[in-house]
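Take a look at these structures.
Next come two complexes, and both contain chain A; in the first it sits with chain B, in the second with chain C.
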Partner chain A sequence: MAEIAMHMGRNRVARAAQAFFRDYLVLVMIAALVTITAIVEPKFLNPRNLTNIMRQFGPLMMVSLGMTFVIIGGFIDLSVAGIINLVAVVTISLIGPLGQIPALLTGMVIGAACGALNAAAILTSGALTQAEALFLTFGMSTVFSALALLYSGGMTMHFWDIKTSKSMFESIGAGSVGPFSVSFVIFLVVLLLLWIFQTKTTEGRAISLTGGNKTAARLSGIRILRSIFVIYVVCGLMTGVGAIVLFSRITTAAPVIGAGYETNAILSVVVGGTTLKGGKGSVLRTVMGVLLVILMSNCLDLLGVSTYLQVVTKGAILILAIWLDNRKQV
Partner chain B sequence: MAGNAIGVRVTGNGVGARVYTFVMRQKAFVAIIVMLAVMLFSPRHFYTAYNLLDMLNSTSILLILSFGVTLTIIAGGCDLSIGGILVVSGILSIKLQDVMPMELAIAAAVIFGVVVGFVNGFLSVHQKTEPFIITLGMGLLLTGVAQQLTDAHPVPAKNPAFMMIGNGDFHGVPNLVMITVVCFALAFWLMRYTQFGRNLYAIGGDYEVARYSGIPVIRTKWIAFVISGGAAGLAGMLLSSKLNTGSSIYGDLTALVVNCGVVVGGTSFAGGIGGIPQSGLGLLVFGMLDNVMNMLAIRSYYQVLLKGLVIVAIIWLDCFAQKRRREFV
Partner chain C sequence: MSDHIFEMENISKDFPGVRALDSVNFRVKKGEIHALVGENGAGKSTLMKVLSGLYPYGSYSGRIIINGTERHFHTIKDSERAGVVVIYQELALVKQLSITENIFLGSEIARNGVINWDLALVEARKWLQEVGLTVDPMEKVVNIGVGKQQLVEIAKALAKNAEILILDEPTAALNEEDSRHLLNILRQLKAKGVTCIYISHKLEEVMSIADSVTVLRDGQTVRSQTMAENGGMTEAKMISLMVGRTLEQRYPRKPHQSGEVVMEVRNWTVWHPELVEKEVIKDVSFQIRKGEILGIAGLMGAGRTELFMSLFGAYGSRSQGEVTIHGRKVDIREPRHAIQNGLSYLSEDRKGNGLVLGMDILSNITLASLRKLASPGGGTAETGPQLTRAGVINILQEVVVTNRYVQRLAIKTPSIEQKVNNLSGGNQQKVVLAKWLLTQPAILILDEPTRGIDVGAKYEIYLLMKRIVEAGGSIILISSELPEVLNMANRVLTIFEGRVTGEFYPEKTPVDEIMKAALGLEGGAA
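Showing the complex of A and B:
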């Protein structure tokens, strides 16, 4: 008897450990990455490097948090690159004529409006699969990028060309509150809001249910069309915020700065453990995913790996993460 | 009386419904007719054999890519890694010429495409992951490989014989056009007259039904991905030969444009519908759009905008047609 109990106990521990590894593989990977890099390259733990990592947190994190809702809802959004391009060039050009706060708000409204346009295209055409949404939003991305090119005339705009005050954007980009950078504080606030939205509100729960099974959600009285609209607007809004943080940090805005953000955001969300099939996932997981992606590029930079090989690594990790995610379901 | 009523209803529905069905089925054809009509009123030299052949020539690479992709889309998948395969095998076909004869380097470039297609097939068919996202990741990975191979600089080809593959012509017909025609014929025969092709349609139509009817579903769909990869390898080699350089930047949007082009032609993401000729027409829409916009001297930013709008409009129509089918069945 005792033997059986012991056996069962060991089994349970083993199974719990297995479940932990499966669900929180990303945490294990982060820990391994930090340990290895800290041993190989002690510069990694320098306060300056850690501040640097904290600053890189901003843009990708905002975009990925928005993307999380789209993926939980069972869809995908390739248009974030185009939205970043458009919001960045429009916002930076409005700081002079409109002032800072109106420019900021306009940027966020444009982001949300782009998301609403995506949702309108998807809802009116009845595109209910991920593949259809992928191609529609790709087309929208091309349109938004073209609008950004037309608006800016293809020119790069710099902070130092703005004659009026731009202190708010400068502090978003480089200021700090105590030991934290301003962008990190923004991230904490946004994360709290989105976490409450996802877990504590009816709409947030409705999004998860829509992603899990559209037919079942519709039959149980959830307005799935509204959920789809909401996820794209949230994603557009967050992408707008990300664009503002991005151009504040690099102090320039070009109509091409968003390139690559769509794949990086999808990568972060999936690596964090939100499943592409929809229904399961959380903004907290995405934070871990983004942390892993940023730490990885930081470590590879410190170790002197070329940017090109970093792209290869990202692609490989994306494939691996999707493959593991898929096996988990079976 | 009843017959009359039905007759009235049919004719009342008739013209509008028929035009609607035609436009929905033949989106690409309609678009091409519209562009041809617009160009009738243009003073420029659009209707010359030179321009039309040139248009075909510049679309040929995309056409070869699209024939492979069509197979995967008909089988209910899709292949977004072709942009990555295109650039890597293009670079390989030039770089490998330093260490081996030209013919072997060309073969190696195509084999590289086949190998990547095999891996794509393993992941998306055998392991049942979502093909579009897994091939997107593969495309990202391969773009990195291409940048690493070339240090993000273009690599020039040194062999004039290699350049002639993509730039030579036979009695005025460019080599590329002839190769495209051969590929078209092969793919058309494969999809229309072989058991493999018919099985692909069945798999795309309903995977489970196909499986229960005894079709080797996994193997057949897997082969579709392998062929798509091989076609992309061939196209990459031809692109390098045509430009006489290999570079990591050409593949950026190619994959998405080709996949959209295939859908424009009438092959649907739902799978099981479409064919090689339709894909050819779909890609020609994009080729002709480029040509027409250049002829009309439209500014390049407006060209990007127009292209994006065309992509959105066509995918929108494709989804909309499916929605109607879903609702009315």
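Showing the complex of A and C:
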């Protein structure tokens, strides 16, 4: 221990700087990206563009926040795309027949139920490793997507087809509270709740412990099976919320709108600094990760980089983030 | 000089805080069967890992001389090229592959990367014949018994042109008939000039097969002789050499007070998780009293860990029997039930089962108490107010409690936010101990509590154990180090092959007798 103390004294400043860059690499990257883009393309700081960004990050943020718990718990969920497809088409179709609030609640329940179904499949098959969960949820994603297609008959549904009131969804999609968009306010509330859940509750702690070392957690009396159930339900529920925010913004719901969300969500969580190995991470880090991912697409759009090349960039960043994370743990 | 096929001279090997080998000398003559005996932790395996290159040249001091020339092994491949092949206790066969594939695993008979299976089959038959096996070489390893698997291992070693064959507990998993067969094969190999190092706890076998024996104790060679020298070697002599005459004063004085029975186990039988017919624990009954340290002695693999893991609800297989705690019958199916009933289990696998290495001291110490203290009235004078209420953690209280335990156990760390990964072995063990003490257990099961930690920390853990029992707790101490058990425990149970073979009071019984019972040589009684 004396060595550690000595070490700390010797290079305190250098080490602190190193630690800052290591822990907040994402923040540094965001700052650099914003600065460069703002200089090269002044349109970036245009209020309309900023509002656009604020609206854009809603759906991805919700899904990524849910995904954070799954990853902290040491698992992964590839089914979010399927859940978005299913929740979006079912919810939009129920606004007319059931009314707005029942439709909204039904959408959230379906999301949570899909998560519960994932968990049930994992627990009953005993697929208690991340790799097994990867394949299993990938399969579930195709199931949820197929259900969405069956339900909608493959048709895209539009807001303007809904004859009854859809004011609530319109305000989720385009409304404002003071200077903030409604979706931004929803984000703040959800973030606060999830942050409390993660850092203050026994279940939140149990999830981290499960992700950190399943065996040790079980031998210490933690209900790891319950933790696994909870992470998937939280992820499903948050994905449901994300789906609602998404179709409210684009005012249509097709049974394929969720495509790509699983990769973007995992990318955001990992770039934020939550380790894929489980046990370590935070919802606040995910917020940074999502910001980076969204800002990056926005900046690259403004800079005229092709969409195809943007996908390549995302892949490269994911690899970089995992590489950095593995170096950190040596 | 020249009749020694190999010599290890002044071999020393250090691990952080522990000297595992201390100037060990080990010489083996060509064509003999040389037994290497010693207690668990005496350094036998370490010595063989040095010889096989698993601990590469440079990580130890001393010289290895084979056939007159000094050799530096950096990998296992190096030593195999020199004709040294180790067959480990856990078989290194790929179960789903055929016998032939296993025999030539890693040294396939191939040309330009294409395996010549016809030739491999012919060769495999030849080697199988050598070890007296008449099975189809295309048979999958999983389909033949453990005894035959062991012989396949030997065939595999011979296929590598082994001159020096090292067998680590080869008969540990075998029944009597297979063991006898194996020993016969070894005698035949000896007649063909293969040198054999035989590591075993089964002294009876050593007596029947070995030409010479070397005894290790605490990382030093205490005796190396032929079976005939010094008036002839006997089992009793080996035991006294292994245990040593004097037990040093490395232990605090034993408290001796025991009260009423706190836990009673009756007719406890546990079945193997995979081989459903096999009983790993057979009809075990015992009691533990308040304020008592009950020592459990026995070999690795005797069923010590299985017994207590199953009592703790963590073994994951069928078990049968009755457990009462404080006179109340309990049904423990999960570790959390055990904890609720006042049972704690410190695992022998500190890193795998005890700690969440990537997390801080705080989370690790309160790990087992989050649930227990969440119930109303769960707070005690010891922990202060409840740690959690309605599922929300009282983090301030958590910090206070953690700091108290860090101080009490003298865990050396700059802060409780330190990741346990960065702590020394001794301090890590104290964190696990703190975790279990915080659950206020009535009975604390300690499985190898001092394994791999330095002498100073060991003594602190002994003192802590003493304080726990003096405060009215009960401890079950499972240990492979017989001196530790004898010096700490008020009463000792010996376990051999899943059965209790004796109950002793260490003050009243000669060490040799306890050792014999632990080795399954004869039944003992209190």
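The rule is simple: the second predicted complex is superposed on the first by the 320 of 330 C-alpha atoms of A that agree within 3 Å, B and C clash if a C-alpha of one lies under 4 Å from a C-alpha of the other, contacts with A are read in each partner's own complex, and residues count from 1 in each chain.
In the analysis below, a contact is a pair of C-beta atoms (placed from the backbone, for glycine too) under 8 Å apart; a residue touches a chain by one contact, two chains touch by 3 or more.
Values in this document were obtained by computation on a predicted structure and should not be read as measured data.
Comparing chain C with chain B, which touches more residues belonging to chain A?
B
Touching A:L134 in the superposition: chain B (first), chain C (second), both, neither?
first
Given the touch rule stated above, what does A:R226 touch, chain B (first), chain C (second), both, or neither?
neither
A:L147 in the overlay: touching chain B, chain C, both, or neither? Say first, second, both or neither.
Once the two structures are laid over each other on A, A:L147 reaches chain B alone.
Kindly classify A:A217 by the partners it touches after superposition: chain B alone (first), chain C alone (second), both, or neither?
A:A217 contacts chain C only, not chain B.
Quick one: is A:I322 in contact with chain B, with chain C, with both, or with neither? Answer first, second, both or neither.
first
Which parts of chain A are touched by chain B and by chain C alike?
none
Given the complex with chain C, which residues does chain A contribute to the contact?
1, 4-5, 8, 200-203, 205-206, 208-209, 212-213, 215-223, 277, 279-280, 329
Which of the residues in chain C come into contact with chain A in the complex?
312, 314, 334-336, 338-340, 345, 347, 352-359, 363, 367-368, 370-372, 374, 388, 391-393, 395, 412-414, 422, 435
In their shared complex, at which residues does chain B touch chain A?
78, 123, 127-130, 132-134, 136-145, 147-148, 151-152, 253, 256, 259-260, 263, 269, 301-302, 304-305, 307-309, 311-312, 315-320, 322-323, 326
In their complex, what parts of chain A are in touch with chain B?
Within the complex, chain A contacts chain B at residues 76, 121, 124-127, 129-132, 134-136, 138-143, 145-147, 149-150, 154, 263, 266-267, 276, 306-316, 318-319, 322-323, 326-327.
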